[in-house]
Structures are given as C-alpha cells and as structure tokens.
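By letter and in written order, the chains are A, B and C; residue numbering begins at 1 in each of them.
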Amino acid sequence: MRQLAAALLAVVLLSLCALAVGRSPVELLRILTLGSVGSRFAIEGTLLKSIPLLLTGLSVALAFRAGVWNIGGEGQFITGAIAALIASHLGVVPAILASMLAGAVWASIATLMRLWRNAPEVLTTILLNFTAIHLLGWCVNGPLQERSAQYPQSDLAGASLPVAGELHAGIVIALAASVASWFLLYRTAAGLRLRATGLNARAAAWAGINVNAQLVRAMAISGAFAGLAGGIELLGTTHRLFERFAAGYGYSGIAVALLAQLHPLATVASAMFFGALATGAGELQRTAGISSSIAVFGQAVIILLLILFGSWRSRD
Amino acid sequence: MKRTAVIIVTALLAVACNQKQESTSTPTSAAPAPKSVMHVGLLTPGSINDAGWNALAWEGVQRIQKELGAEVSHQETKTPAEILEGFKSYGAKNYDLAFGHGFEFQDAAKQAGAQYPKTIFITTSGNTVAPNVAPMVFELEQATYLLGIIAARESKTGKAGLVGGINLPSIASTFLAFKAGAQSVNPKFEVKEIYTGNFDDLGAAKLATQSLINAGCDFIFHQANEAGRGVFQACQEKHVRCFGSNKNQNDLAPDVIVASAVLDVPGAFVTVAKKVQSHQFKPEIQYLGMNEGIVSLVWNDKLKPAMKPETIAEVEKVEQGIRSGTVKVPRGF
Amino acid sequence: MLRLQHITKRFGDNLAVDDVTLELRRGEILALVGENGAGKTTLMRIAAGELAAGSGTIHRDGEIGIVHQHFLLVAGFTIAENLALQRSWRFASRRALEREAETLIASTGIRLDDPSRRVETISVGEKSKLELIKAIAKKPEVLILDEPTSVLTPQESAELFTVMRALAAGGTSVVFISHKLPEVLEIAHRIVVMRGGRIVAETEAHGMTASDLANAMVERTSRAAGVASTDSSTRGEIVAIVGVAGNGQTELAERFRKENPGAALIPEDRTRDGIVAEMSIAENLSLKSRRWNRREAAASASTLIARYSIRATGPDQDAGSLSGGNQQKVILARELEQKPKKILAAEPTRGLDIEATAFVHAQLRAAAAGGASILLITSDLDEAFALADVIQVIYRGKLSEPLTPAAAHERVGALMAGIA
C-alpha cells in the first residue's frame, strides 16, 4: 500500500515537474520508458550501466549488513581499476583477481586505522576516496600515461572481457556475485556472524563472536566487490584509465543498496532500476531536450520517495 | 521494495505502450524529419551551464542551429558507457554530425563511427582519424607565439612569467609557443613557468604571479581559466603588464592587460558543421587557427599606443607569415 | 483517576489483553501480578497511552507516569542532563543542572549519588532509580512501575517501598507490576492477578498468602525441570557474587568474559548483550555454532523451544518480540547447550516470573550437577542462598573472602553495606 502511494506520488510529482517546464508528462514518460527498456539497444544500455552499480551496491549492502560503514566504494573502485590495468598484460583472469585484491587492500587500510587508533571508517573511507582520486590522477599523468604522452589517460588495457553484442561478461560475474553474497549472508555460519555483528555487536561479542574479525572480513569483501566493479568497468567498457574514471559509481552504490534494503538479490533489481533511469534520462536529453539537471532531479525525486515510503526501517 | 519497482515499471510500460499505439495512428514529432535539414548532436562531459568549457560547446551548437538551420540535440555524458550510447544513438537516428567535447570521446567516436558510417563524429582535440571520425585541434599557439614576441620586444628585464592551472598537453603547448615566439626575438630571453595544480584557486594563482614578479618577470601570461583573475589582481597591484587568454580579457584589467590570445570555440563548431553540410569534410585533423578566424590576437586599444612601433610592426609581419604558412609555430603535440 | 473498560489488544494471532476492566482508586497501591506474557505490561502501556487499545474505553484523569523494565535514558549524558531533558529548554550551566538535579533527587526520597556521572557508567540498579526519579518528577496522578525491584538490592527495594508509600499517602495511585510475591504482599493494598490476557483474580491484599497468589498465577503445577542425579565427585561448584548494584559486578563479568573464551555467558543486560533482537530465535540459538543450515537450525530450535518452554510462535519469530523471560530462556538454551565447563550467570532471573525463575534455577543446578563450575552474579539474595555453594560479597570492586551460605546469612548485610 505504502509502495503504491510512493509510486503514485512519484508519478504525480514528476508530472507536475514536466508541466512546469511546459512538456506533456505522458510524452516524457513514453520517451523515458522507450529509452530505457523500449528496444534492444536501450535494454543493452540499461544492463551495461547496471553492472558496476550492482557490484558497488553489493559492496555497500555487505558492509552495512555487518555494521561497517564503508563509504569508500569510489576509492576502491578506482584502485581496483588501476590494478586491473596493470595486471591486464597477464590476461583477463589475473586482471579481475588483481582488481578484487586491490579493492580489498584499499578498504582494509580503513580497517587498520579503525583497529589501531579507533578511527571511524565513515571518515577514513571517504578520505581514502580522495586519496584514490589523486592517485589515479597521478597515474594517468605519470607512470600509467599513454606512451604517446599526449593526453592524461592510459593506453588500452592488455586484455578485455569477452563480449556478446554490446554486453560484456561482467554481467555474468556481477550476477554470480549477488548470488554468492546472498549465500554467504543467509546460508553460512560466517554470514550469520556477520549479520549478528551488524545488528548487535555487543550481543555478538557475548555470544563468543570475534567482532574485530567480522569487521576485517566485511571490509575486505566489501572492498573486493567495489574493486571488482572498477576492474570490470575497465576491462569491459572503458578499456583504459582516465581522470574521471569513477564517475560516482561508488557513491551511487549506496543508493542502490539502500533501495534494495541491503538485500543482495534485491540489489539486482535496484541496480537495473538505476541503470534504466540513467539510460532513459539520456534519451530524454537527446530527444526531448530535457536538460541533464532536470533529468537528474527527476531521478532523485523517485529514489527519495522510494526510500522514504519503502518498508525500509518500518516504525510503529 | 521489489514490489514497488515492479509497480512503477509496469505503470510506466502501460502508459508508454498505450501512447505508442496512439502514435502509430497520428504522426508526431518523433517521425523522421525530411533529410534536407541537418541534424547535429553534442555530447559534453559536464553541465552546459558551467559558463566555461561545456557552455562554449553548447553555444557553438546553438549557432549551428541558428546559422545553418540545423536540428540539434544534446546529452551530458559522465561515463564511457553513456558516451558510447550517446554516439550510437545519434548514429542510429542518422544524424549528420555528432560532436564529443573532449579528447576522452575518441574511443567511442571510433567505435560508433565504424558502426554508423553515415554520421560524422568530431571530437574536440585528440588524434584519432577514421573515414568519418576526426578531431578539431585549436591552434591557440599561433596567438601565444605572437604574445611571446610582444613580451620579448617590450620587456626591460628580459624575463617573462607563465602561470598555468594543470599541466595539460594543450596548456603546455601554448606555453611552448610563447617561449618560441619570445626567443625568436631574443634567444637569451628567459621564460619561467609555474603550475598551480588547479583552475579555480585564485589565491594560488595570485601567489604564483607575485613570486614570478619578484623574480624579475615584467610580463605575465596565464592559462589558468577562472584562477586567471588572481593573476590579474597581482599584476594590477604591482603594475606589471600581462596578457589575457582564451577569451578577450582586456576589460578585466584594462590598465595592465596589453593583449589577449582569443579562441572562438563556438566558431570552430560552426566552421566544422559548414564543412559537413557542404560535403567538404575530409577525414583528417581539423586544424582551426587564424586562417579559419578561430584564433586571433586582440590588442587592448588603450595600451597599444604605448608599444614601440617596431613591436607592432613585427607582430603584424609574423601574423602574415603564420597565415601564409611561412612562419611555423611549434606545437607541443 | 484511571478507568479501563473492556480493553482488548491483539498482536497478530496473539491475544495479549482480553476484555479487561479495571478501575484504580485514589492513593492506593495496586499490585499487578502474573507470569511473563500474561499481558500486564501491555495493559499498562495501553493505560499510559503508549499503545492503542484494539477495543474498549479508557478514562484518564491527569498525568500518568510509567517506569519501564527497559531504560529510556541517553547513555552519553550525565544523570543531571537526563533529568534536565524533560524540562522545557533553557540555558543552564552544567553546575546549575547538577544542583537542580540534586534538589530534585532529594525531593523524591530516592538515594542516587553524584548526578555528574554519565549514565553509561552507572549500574542497572541506578539506572532504574533514575527512571523512577524522572517519572516522579512529573508529579503524576498515576504512577506505573514495571518490575522495579528486579534490579534493586533488598535495601534499595526497601527504599523504593518507602517512596511508594509516601506517594500513595500523598494521593498518587501506584500500580506495581511484580513477580515477587512476598514484596507484593508487603506493599500492595489490592492485588490483581492476570493470566493469558485476562484478570483471573482481584482481591484486597490483607489476609492473602503467597501460596494463594501463586496458585492463582500459575494454572498448572510447575513442570519439574530435569535435575540430573547428583554425583558429588563430578559436581561443579556454584559461586555467588552478591552486592549492591554498581559495586564492580559489570567489570567482573567483563573480565570473566575476556579470560574465559568458550565459557557460557548469561549477560546482565539481556536485550543489550544477550540477544540480537532483529534475528529469529533459530538464528540467535545458532550464534555459537560452527555450521549454519536453516533447516537443521529450525529443527534444533524447535526442540530447544520445547525443552526450555519458550513461549513463541516458532523458530522464525524475532527474538526481540519475545517477553523478557522468554528472551532469557533463549540465551540460556544457546549457552547451556554447549555443555560448557564454565558458566557466568549475571542476574539470570531478573524480571522473570516464579515459574521461569524456578526453571532457570533448575537449569543452573543441572549444569552444576553435570560438572560445570558456575559464577553467579546476583543482587537477589534469595537466589544466592537458593543456589550457591559459596558466597562472596562484592563491595567497591573488591571481593570478600568466600563464605558458606550459613556463615553468609550472618554477615552478608554488613559486608554489602561495607560495614564489616
């Protein structure tokens, strides 16, 4: 009931927005829908965009479930991509493994600071994002810059993911990752301990669970997923590094995970929804001349309403 | 929550399909336009309301709309996936011309170009060329070479200073030309460079300028975009002459800015579009400089009379040489 | 004052309150007794306006104060700041707040030292006193106390009863929810017994006996918990640590936890440290196991629910929705099923009814009989004497010499007060 209200309210608000800029809401809705799921081309675009979102969403969902506030997806995404590029000369599989390792290591810096000096990971992961962005900037202007040294970007990666049509194999990896996350969280004793720690760390400790070990584990897995997202984006879509590589995927992952109420399987639907919104918004800009600011505003309205009205943390 | 998503998607689809049926019976604007109208698309890496790089591209496309009667479209693309999708979407709709406003659009232009040979894909800067893909390269160096000549002719200390934002190839290249111009007058002329590391920190640009002035530089040229105002502040305070860049900045500090090296980015878009419309496009790097009217040296009329006549004469002579091709201006890339 | 007519409240399939009619008289102390889950707390929350009744009418007159079993305090604030929270807001120095708090505390007749202490550092007994002070400060017409003595020492309970009598004499009606029949008979004017959501007995306290009340509360006779035959050679010792709350019991428990990995631990604060409220009973029961298989866990949880007579709809019910006594049974089941060599039981029967208390005691005895050594930390002297082989008193963080129960009878009061 509440969800229906949210959906209706979103439609009404956005229709009012459309009318305010002098456009027919039905026409815009038609363009948005056709542009996101209305053709093979559109569906492929939607899926392509949802791959990194799914992985960063899973990264956030896993960490938050364990009570670890990893806001560092952006930085782990970047370091994963850098590692994937370096390792891509050994082949695509080493590149993917390297991206996961790099993301896990980058995230674990925050864990170390938490365990050593009790520095809150919310803060340290954000700061590590900035560090990673500058690391990337240095890499593409320095050691990893293209051989012709003309633009601040790297050369093409030494390997890439297999493709079918427009889609690359990253989608299979991402879907497998979401099933694996679900299995880990809900079907293993390790997952039970992670969740217990996230819900009540004191009770977990009294029940004999090593809470610090859960923190270390959750952060490493979460970082590995965000790193994998970066590696897959590099090996499947961009094929090279440049300064604005991350484009906010790490942060969008938070919204994706919250919309999915931190459930790994629901994250699939949530990521696709975000991917479809982005693809549809592109079509709105191109064919209806709706400016990007308005398109982004519309997306924000929908997401806020869904999170606000969703059964997310119901209260009596 | 999953249910919500399902509800929304279903609702959207229902409305959309409904509308689709209507549109088959009544022709709407979505129907393909007659081929005589040129269709031009633009992808920008950021918002076209940025009063800078992206706004200039949008201005160019709007001029194409007005001057060539074209239908135009724009999308802000933040990720490579969006860039490729944008280009391919223009290709699929048989657009005549699609611009990607930055070097980072090259890979996608090449890929989309191979798939849609009827559309011409132009990137702003770059070096990727294919039968229907080419970059626009602005030759601002032609103007900064002339600024170097002015500085070397008019300087009393034999030193000039350059303030850059980030050390990008395009910026380093204009500095290289400035230095070459100055040393064509006086091989011993000294040019000092400082990069502040960003394009928005006015304070850092001002400090850099002050340190150059203290080191004896009596002409300053900048490539720091917004932060350039900091350069002008420092020059005004110390009464040191300087130059404007990219736009005609002479009015920003009319007492000290001698001339500006001006780049007409919107004009470049129109120039390329005209070539495409008249089927004169050739798959090669589209150099756009003084001869195309895209690059120019604009004197500050208030300060020009204070120049030595031989300075002005030489600048005019060298400009003729550049236009006719007898003077080769070095490029960084 | 307060009149409840035909109140009914349902939680899902569970009928928590079933057609209850109750009227409160001015200046009386009414004891509301019954087993865990009998509907006492629910009824009183409806009376106080915290819960909406499913049906029925409520007539209220004046302020109703309620002191819960769980605390509604800001842990990072001091006692004085917590008291200041319920006043209208204005600027005040920390010193001024503390002086005001001291005046307020003195006016209630309750002893609570040093209002500059942070709530997170004070004992459970002291938190309970603070809640009581907060409620009395609002000068309510009706004051509802939910199991107030469960965390208090005998001295503190006596102190509380003095306060309750004074309030009643001043015209306030006091509702007192309790399991402890002797104290109910000591303090109450009138006694109402609830069972299964209904009022099953209502009587003047005068002339009642504990066994009359117990019979009214518990329909069936208590199931005898399986006590293993006692073999003195393998039997583990039960050491009871008694003392006034806040004398280092919490620190002692923490130290035991760190020094004895693998021991069974029954924490003092069960909702905070014992269960994961958002997880199911089955999940809570599996927190210590190496393996996790949903089907196996559900099956073994069902067995434990039966064995420990946990009143629940099934293994998938959220542990947080259980009553306090049933939450304690879940913890007990998880910890004791490990067949531990060492057990820490901190306030294991706090807030439990007679039947549940007897059950917990039987389980602890059985564990000791099975060879486990048990450290029992309790503020309930009856419990200590009922279970312990050895009693030690804790006072200001120091333990007294070990005493036999017989010796302890004479000295425990003085030791707890720090006189001896």
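By definition in this document, a residue touches a chain if its C-beta (ideal position, glycine included) is under 8 Å from a C-beta of that chain, and two chains touch if they have at least 3 such contacts.
Because the structure is a prediction, the values reported are computed rather than measured.
With contact taken as defined at the outset, there is no chain that touches subunit A as well as subunit C. Chain centre most remote from that of subunit A: C (centre = mean of CA atoms). Centre-to-centre, using mean CA coordinates, subunit A is 46 Å away from subunit C.
Chain centres here are Cα averages; for subunit A and subunit B they lie 33 Å apart. Taking each chain's centre as the mean of its C-alpha atoms, subunit B lies 75 Å from subunit C.
For subunit B, the set of residues that touch two or more other chains is empty.
Interface of subunit A with subunit B (complex): residues 3-4, 6-7, 10-11, 26-27, 29-30, 32-34, 37-38, 41, 45, 48-49, 141, 148-153, 237-240, 242, 244, 247-249, 259-261, 266, 269-270, 273, 276, 278-279, 282-283, 285-287, 289, 291-293, 302, 306, 309-312. The touching residues of subunit B, when paired with subunit A in their complex, are 1-5, 7-9, 11-13, 15-16, 19-20, 23, 30, 41, 45, 47-49, 73-82, 84-86, 88-90, 92, 103-104, 107, 126-127, 167-169, 333. By the touch criterion given at the top, residues 186-189, 191-193, 195-196, 199-200, 202-209 of subunit A touch subunit C in their complex.
Across the interface of their complex, subunit A is touched by residues 257, 261-262, 265, 267, 272-279, 283, 286-294, 334 of subunit C.
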